[in-house]
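Take a look at the structures below.
The following pair of complexes shares a single chain, chain A, combined with chain B in the former and chain C in the latter.
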Partner chain A sequence: MATPTYELIHTETVATATSSVNFTSIPTDSSCRDFIIVIDGTATSLRPVLQFNGDTGSNYSAVMLSDDSPTYSATSSGTYLDPIPGYAITSRFSATYQVLGSNSADKHKGVLMRVNQHVGDHVHMSSGRWASNAQIVSVKVLTNNGNNYGVGTIISIYKIAG
Partner chain B sequence: MPIKRLSQSGLLTFAKHSSVLAGNAPFIPFTSDFELLDSRVLSSSAANITFSNLNTLAAGYKHLQIRVLSRDTRAISGTNNVLMRFNSDTGSNYRQLHIMKGDGSNGSTYAEAQSSSIIPFASPSANDTADAFTPAVIDLLDAFSSNKYTTSRTFRGTNVAAAYATQVVLASGLWMNTAALTEISFEPISASFAAKTMIALYGVKG
Partner chain C sequence: MGMTLLETVNFPSAGSTIDFNNITAVAGADLKIVISGRTDASGIATEYMMRLNGDSSSVYHTTGLAGDGGTIAKRDVGPTTFLENLSLPKNGATANTFGSAEIYIHNFSNATTTGITFTGVGENNATESYLGIASWYRDVAEAVTSISVFGQAGSLMQHSTASLYLIN
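Let's look at the complex of A and B:
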């Protein structure tokens, strides 16, 4: 019998505008080698960023390539994982974060990210690293500035076995 | 097919059934359209990682996805290319890479001529930030077709503070052969994959 390999862990539809959604109890066994977060959302002025295991230290880095002219940027020692430094999403957007090695206890986590920003018509791709060997047990989807995700924003998390 | 409810089995109701399901709905085993086929996590360094017998291992699947966290043992600081080959073909039958890359301060596009491998990703090396690995996701579409060349698409990045080691890349590659895939191998261009490197192979139905 086939082993479930790509499974929804949880999905959240924002009912009241909020600046963060926390997913806890992420499996650390082989059912969750990687996980994927998908956001289909609205915003007024924000960037959708991540923190793992409640880590607010300066342990996040990322590099971005954007179609905007184009634009390049790199951040290191950030306090959250930011896929689109310097940008502000003001309307509809979608974002996908692929977190590789989530259940590993012996290496940093690699993250591949894409963001589509409908106002401004931008597409961004970026790669990030969380400088921690801890297994990921929770992920917080927050905003860079405390502004809220709009009502109806859907945030889903899927796990991939490995 | 298992009987799930005794109340419908006839054992309690004495009802007679013409089917062994005895009134129960058929039990359909879980099937997946995206399935883990093989996974390698290195406990020590290795010169290469190879997935073989794909004709049986991936039977029933149309596409393949390979998910990678890679590092190598080369005694440098900076990324080290990894070669991908199919069906043990070491001839000049590949288009090595076509890439779109951002390194934080510049962007570039690049295409390379015919070569003896595809370069889907590059790994941090021994002198780079400890425990930092390159994440990469490689898609091989219609990998078992016998009437078209095999193409690869890779999304990957590296985030360590060394020359050529902070980058996000979208890349494609081509194997100019119409044979169905039976083997995929990965090999650092020099030195070996480091311990803790992970490469997993998934099948996708289509």
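Let's look at the complex of A and C:
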């Protein structure tokens, strides 16, 4: 029997503009080795960032390659995982985050990220790390500055077995 | 629910385009295309190109990065009559090598503009080998019902394949 992939575990369509969506009950068994977050939506000025397990400590870092110039940049010891440090989403965008080894209890968590600013005309590729050995049981999709995701924005989480 | 194979296109002989037609709408779902391709044109690499819904008007925007083994270049074009980005090998690349690409179409059934994520890597046993990432965007507010992918130069060669997956 084929191993199931991209099994949807949560999805939410933003009905009222909001700055954060919290997804809980992320599986920690073998049905969820990795999980993928996909956002397709709109915004006026924000960066779509993540926090795991409610951790607001300075435990997040990332490096980014951007088409803008092109640029390479990095952040460390941030309080959220930021896929596009120094940039701002200003309109239509899409983003994906693949969280690797999310059910592991003995290593830090790596994250591969892509953000497209479809109208702002930028493409960004980045990788990040959450400095924690804890299994991920929840993820909060928030914004760096408290600004809201637009109505109609879809945020989905898929799990990949391993 | 999950990732479901909708269709695979094989090229037992050279063909000009990859076509996925009559795609059934699924609310909130995404599409993913995985391509193994090579064209019969001379040279090392060319562009993947894509159109949606048979639309060849100037409504497509590409913002991307492409590397050739030595330099990296930004691509920011639009509106044009197709989506595009490098990494599809031509027939001058090392024999039997095929490029790999993934095209992810977000929320394809919504009657909104279409956002697409492109990632591609060519193959060539030499320094000159191409890879590219891109943000693709179609500035028309309608659902996606058909997809056409092709190379800028040449026809897709025998053994090229493309698979379309539904993700929901």
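By definition in this document, the second predicted complex is superposed on the first by the 158 of 162 C-alpha atoms of A that agree within 3 Å, B and C clash if a C-alpha of one lies under 4 Å from a C-alpha of the other, contacts with A are read in each partner's own complex, and residues count from 1 in each chain.
Keep in mind that, in the parts below, a residue touches a chain if its C-beta (ideal position, glycine included) is under 8 Å from a C-beta of that chain, and two chains touch if they have at least 3 such contacts.
This one's a predicted model, so the numbers in the text were calculated from it and none came from an experiment.
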| item | value |
| --- | --- |
| Touching partner for A:S104 - first (chain B), second (chain C), both, neither | first |
| First, second, both or neither for A:L65, with chain B first and chain C second | both |
| Chain B versus chain C as contact partner of A:F93, first or second or both or neither | second |
| First, second, both or neither for A:M125, with chain B first and chain C second | both |
| Partner chain in contact with A:G150 - chain B first, chain C second, else both or neither | neither |
| Chain A: partner with more touched residues, chain B or chain C | B |
| Touching partner for A:T11 - first (chain B), second (chain C), both, neither | second |
| Common interface positions of chain A, toward chain B and toward chain C | 4-6, 65, 70, 125 |
| Residues of chain A touching chain C in the complex | 4-8, 11, 13, 38, 40, 65, 67-70, 92-94, 96, 114, 116-119, 121-123, 125, 152, 154, 156, 158 |
| Complex contacts: residues of chain A adjacent to chain B | 1-6, 33-34, 61-66, 70, 72-74, 76, 98, 100-101, 104, 106-108, 110-112, 125-129, 131, 133, 160-162 |
| Partner chain A, residues of chain C touching it in the complex | 1-3, 28, 30, 61, 63-65, 72, 74-76, 104, 106-107, 112-113, 115-117, 119, 133-137, 167-168 |
| Complex interface listing, chain B residues touching chain A | 29-32, 34-36, 39, 67-69, 71, 100-107, 129, 131-137, 155-161, 166-168, 170, 196, 198, 200, 202 |
